[in-house]
Amino acid sequence: MTITYREALRQGLREALAGDPRVFLVGEDVGRYGGTYAVSKGLLEEFGPERVRDAPLSELAFVGAGIGAALGGMKPIVEVMTVNFSLLPLDQIVNTAAILRHMSGGQFAVPLVIRMATGAGRQLAAQHSHSFEGWYAHVPGLKIVAPATIDDAHGMLGAALAEDNPVLVFEYPALFETAGDLSSTPVDIAHAAVRRQGTRVTIVAYGGCVPKALSAAEKLAAEGINAEVVDLRVLRPLDMDTVLASVRKTRRAVIVDEGWRSGSLSAEIVARIMEQAFYDLDAPVARVCREEVPIPYPKHLEEAALPQPEKIVAAARGLFQ
Amino acid sequence: MTITYREALRQGLREALAGDPRVFLVGEDVGRYGGTYAVSKGLLEEFGPERVRDAPLSELAFVGAGIGAALGGMKPIVEVMTVNFSLLPLDQIVNTAAILRHMSGGQFAVPLVIRMATGAGRQLAAQHSHSFEGWYAHVPGLKIVAPATIDDAHGMLGAALAEDNPVLVFEYPALFETAGDLSSTPVDIAHAAVRRQGTRVTIVAYGGCVPKALSAAEKLAAEGINAEVVDLRVLRPLDMDTVLASVRKTRRAVIVDEGWRSGSLSAEIVARIMEQAFYDLDAPVARVCREEVPIPYPKHLEEAALPQPEKIVAAARGLFQ
Amino acid sequence: MSHAASAPPSGPVPFARENSLKLLKDMLRIRRMEEKCAELYGAAKIRGFLHLYIGEEAVATGAMHALARGDNVVATYREHGHALLKGVPMERIMAEMFGKKEGCSRGRGGSMHLFDAHARFYGGNAIVGGGLPLAVGFALAAKLRGEERLTACFFGEGAMAEGAFHESVNLAALWKLPVAFFCENNLYAMGTAIERSESQTDLAVKAASYGIEAFAVDGMDVVACYEGARRARERVMAGGGPVFVEFRTYRFRAHSMFDPELYREKAEVEEWKKRGPIHTFTARLKEQGHLTEERFLDIDSQVAAEVERAVAFAEAGDWEPVEDLTKDVYAP
Amino acid sequence: MSHAASAPPSGPVPFARENSLKLLKDMLRIRRMEEKCAELYGAAKIRGFLHLYIGEEAVATGAMHALARGDNVVATYREHGHALLKGVPMERIMAEMFGKKEGCSRGRGGSMHLFDAHARFYGGNAIVGGGLPLAVGFALAAKLRGEERLTACFFGEGAMAEGAFHESVNLAALWKLPVAFFCENNLYAMGTAIERSESQTDLAVKAASYGIEAFAVDGMDVVACYEGARRARERVMAGGGPVFVEFRTYRFRAHSMFDPELYREKAEVEEWKKRGPIHTFTARLKEQGHLTEERFLDIDSQVAAEVERAVAFAEAGDWEPVEDLTKDVYAP
């Protein structure tokens, strides 16, 4: 069945609500508006206002309430409309959701899923174009997933709900219109995936940058460089086994990250490759990241600020010089 | 003159207030309480309640108000009591202070200093022991400084106020009782500093880990390993020239970071060394970071969770095996 | 809270004729500029998010006329009208929406981020509630510097549920700062009706709980908006601290260009359109003998010409060169 | 707001004798346990931050007696008393303060982070205001699950200035959730007096602006605290949504163990001590003939024995092995 990434997300949500009465969805405009990105469209009508619950503009409170509800026996799916607004409830995520299980001596689990849209690319300017997945991946106690494919858009939510601990699911509006086959194979949220087999260089990417990495790989193939593309999928904890296996084979790597370069998740990948595969490298690992600038509104500047297939190609090519 | 780190901070503050009528200090309990860590003790009496201004518990508003006041012609010093509470006003810092100058087309500067205490080590448990300097160092538009010495504790504030742009100053309660000579040399906030000359391995650290790095270097010296210690001082923008010069000389490096390992600033340093000095390395760069756990209360567990001189020694030693 | 529109504003306008016509013209300037923006969005000249103020023009118009030149204004992503009437030239606004470097934010901000230091217009903020703490800070600076300057902060009723509102009003009240909180209650925050957003829908009552003066005015009546803002300014400048005004208004268009408007009835919108601030004001002025149809058409064509000039200016503008991407980034 | 203490609570206690003695004993249990904690802090057995509740015991005691066993409690870093009376064994509290693995949070939380799933005691939160959203969530869960369960959320008056308070109360009121907001107004947030923290110092007035029932009680009178909490619980369980109670109380000790108390006069503290909840209640019970000095000493020595047992238990506890450092960390 061919569906869009958006529709895959929607079906994942629908199945989650249908499958467990403890699951409910809460967030700004998830109900009557139909979801900012139409991801929850029709769910209010199907499940009613108790289970598809519109919240006022008060991110700190409704994220915290999601944590409390999880502790109280429910399985909340909290939608923070976009990652840009997730700084407001960040304290609850970091200082309660992530900490509670350990700090209580293991008494509590927090079976909570937080979904948010992330990333740039739609000319929304500086305050609406952040990519903070890397920040969240810094925090022990959270699992972070980034669906880049139709199957993952559909299946990662269910896998997250099965975890009994806080999982953050990042959704990529830049991918919402992409379409593809939905398979019936269940997805895990433990492993990275090799999206393209290759031999000479490994391109590591996640979320909205995966299609860019694949497109770069095609261009590289035309130049005779056969690139392997690894989709991280899970940003915490990192599945370094998959990354390292690929790097050990290709002996070269480019890490792609939509976050600002300094202190991005890409740095962590590079550091781990340094620590664990230094002697397997034929060249220093390269990075393609967001430029160190608040994202500007005009299309040409936004494009210049973000990772692009051409930049990935150039970085990969650079490893052979 | 021998003074404590705390007193050096206090004198820096006092001089800032005395030196420019546009400067004022605002934050929770900076006035009548005398400062949570007594850093602002006596300043209310000296400068009055307009310039040493107690704020209610409302971090988002008073940090945002600091930004507004900076735009309005003042030079605010905003104290967020500790980095742990800085998640609450993070949106204002990231989405306004850091962005405004660029997004307004260069019309506005934001001459604002935000001070906060950071770090673990006093058995304050998970919610009061964070080290988020690395997160802040991710954000273009902010300068981040971390005084580790008496001179820096004293002088970095004045240097920050001279910048006409937002600077975050991280203060280390773990160092408050350390004492030393206050020199009269002015400090910059542009460069890293070599705190100990060495030849065989470079230990890079910042803030509260600098004394630990120095202590490790002494131990290593006893084993015949002459370590160089680089104090980053400025966490954004990074002075990689100083770091790379040292690494190119010693050909080995250990990065020490009080933040959780995954996605910490240490990863960025490793990545940059990979990118810029890969061929100069005789061994993969190693890291000593916070363990991936919310900091537990008991002393033995807290110590086990944090970088310690012994761990730094072990990591450095490991580079020679 | 009832969403029903009450009777349209009527009766004589208590201003001199030229003043009245100025108010009318300014409302038209916002309206025509934004109608053009909608068109240009369709033509893909303007991109990103675009939030139109159509229907709410009386609020910004009344309020800006009550402010002094030296006052500060902080607004939201629905701020084209506020920027324009605070003195940002229409052509620079239009160039900004095009993303051209002649724009008031050098093209970097777009529709949601208009700035003009000279006009003391401080955005343009796409984080709901984000402008409130900032406005408090401007007011603090004015007070500390001994400046005779109001800071007016505009925000929607949806923003009142945010912690930022609470903390900011409390701070301003505690410190008796010269700030006016202007709440534009258009009954919806995206698709969330006020009764699902505020447990207390009488917003002035809510604001008064901070121990400040607070009142509501008809936000569809430019006269009431002017009077309300003038009164607020007077009280604030008398030194007693902040004042809160609820402007009861309505948004005629969708929240942004991506909004199927599933959450409200067409009939409700039509009902409110009967109270449209421009045509009701026009009617009153005509009835009063202050305005003829001819004069109206004359004004409207002056406005149309201004809009055309602005579009031409924006079209003729340049793109910021990619080499300047990180210009003005501190500590990149 | 006046910081002056009014007349001490007096007059007959409207409870049966054994009930009254239970209240007295529970106040004493908190007092003696905490006096011991202060001593142990001096002896470096307890470390980190330690916030004593001494002076405020009537609040937790009255409130906990009004709650049902199955109710949830969310509190702050000044929560030893709440934990104890919600049913966390004193020995497990003491072991927690020592950092031993027999502690109610396995020693990992310490004084500020007591937890007990069995007792439905959910912290122990060191972020001011951090417990409020959580409590709303517990109440939401109870409502969705159809459970007859109150969630009581304790917080200081200082927390009311935080956005978290505003957002949480609004949410609870909008959704008519079964949560009681119990504000412990001890007039100071660290060194910040309430009049520098709240523009409206009548906290019940402030809370009522959310359209919920709100009232104040004498937080130095365990009878008033009990009655107030009982009334709040009744109203909430009737289904009308949250209720807010201000408990007017006073902290006799420093904010924490690091506080030179520069911000208040000794005389003010002494004045309030005259209203101390334990000795005034004792006096009333004696006057009423419900209590003799002998019986008092007997109760006190039972309490002392419980404290001794708790300390012995804590002393005898084990340290969590370092190998377990990252146990219970999800996705480390």
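By letter and in written order, the chains are A, B, C and D; residue numbering begins at 1 in each of them.
Following the convention adopted for this analysis, a contact is a pair of C-beta atoms (placed from the backbone, for glycine too) under 8 Å apart; a residue touches a chain by one contact, two chains touch by 3 or more.
Just so it is clear, the structure is predicted and the values come from calculations on it, not from any experiment.
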Shared touching chains for subunit B and subunit D?
-> A, C
Which chain's mean C-alpha position is the greatest distance from subunit C's?
-> D
CA centroid of subunit A to CA centroid of subunit D, Å = 41
Per the C-alpha means, the centres of subunit A and subunit C lie apart by a whole-Å value of 36
Quick one: report the Å distance separating subunit C from subunit D, using the average Cα coordinate of each chain.
-> 46
What parts of subunit B, by residue number, touch at least two of the other chains?
-> 56, 58, 60-61, 84-85, 88, 91, 95, 102-103, 125-127, 140-141, 236-237, 292-294, 296
Where subunit C touches two or more other chains at once, by residue number | 107-109, 113, 125, 127, 130, 161-164, 166-167, 170, 174, 196-198, 326, 329, 332
Considering only which chains touch which, how would you classify the arrangement: line, ring, star, complete or other?
-> complete
Counting only contacts in the complex, subunit B reaches subunit C at residues 24, 50, 55-56, 58, 60-74, 76, 91-92, 95-96, 101-108, 140-144, 163, 165-166, 236-237
Given the complex with subunit D, which residues does subunit B contribute to the contact?
-> 28-29, 31-34, 36, 54, 56-61, 84-85, 88, 122-128, 291-294, 296-301, 304-305
Give every residue of subunit D touching subunit A within the complex, in rising order.
-> 72, 74, 101, 103-109, 113, 115-117, 122-123, 125, 127, 130, 132-142, 144-145, 151, 163-164, 166-168, 170-171, 174, 326-332
What part of subunit B is in contact with subunit A in the complex they form?
-> 84-85, 87-88, 90-91, 94-95, 98-99, 102-103, 125-127, 130, 134-135, 137-141, 236-238, 259-260, 262-268, 270-271, 273-275, 278-279, 281, 283-287, 292-294, 296
Which part of subunit D faces subunit C closely enough to touch in the complex?
-> 161-167, 169-170, 173-174, 196-200, 205-206, 208-212
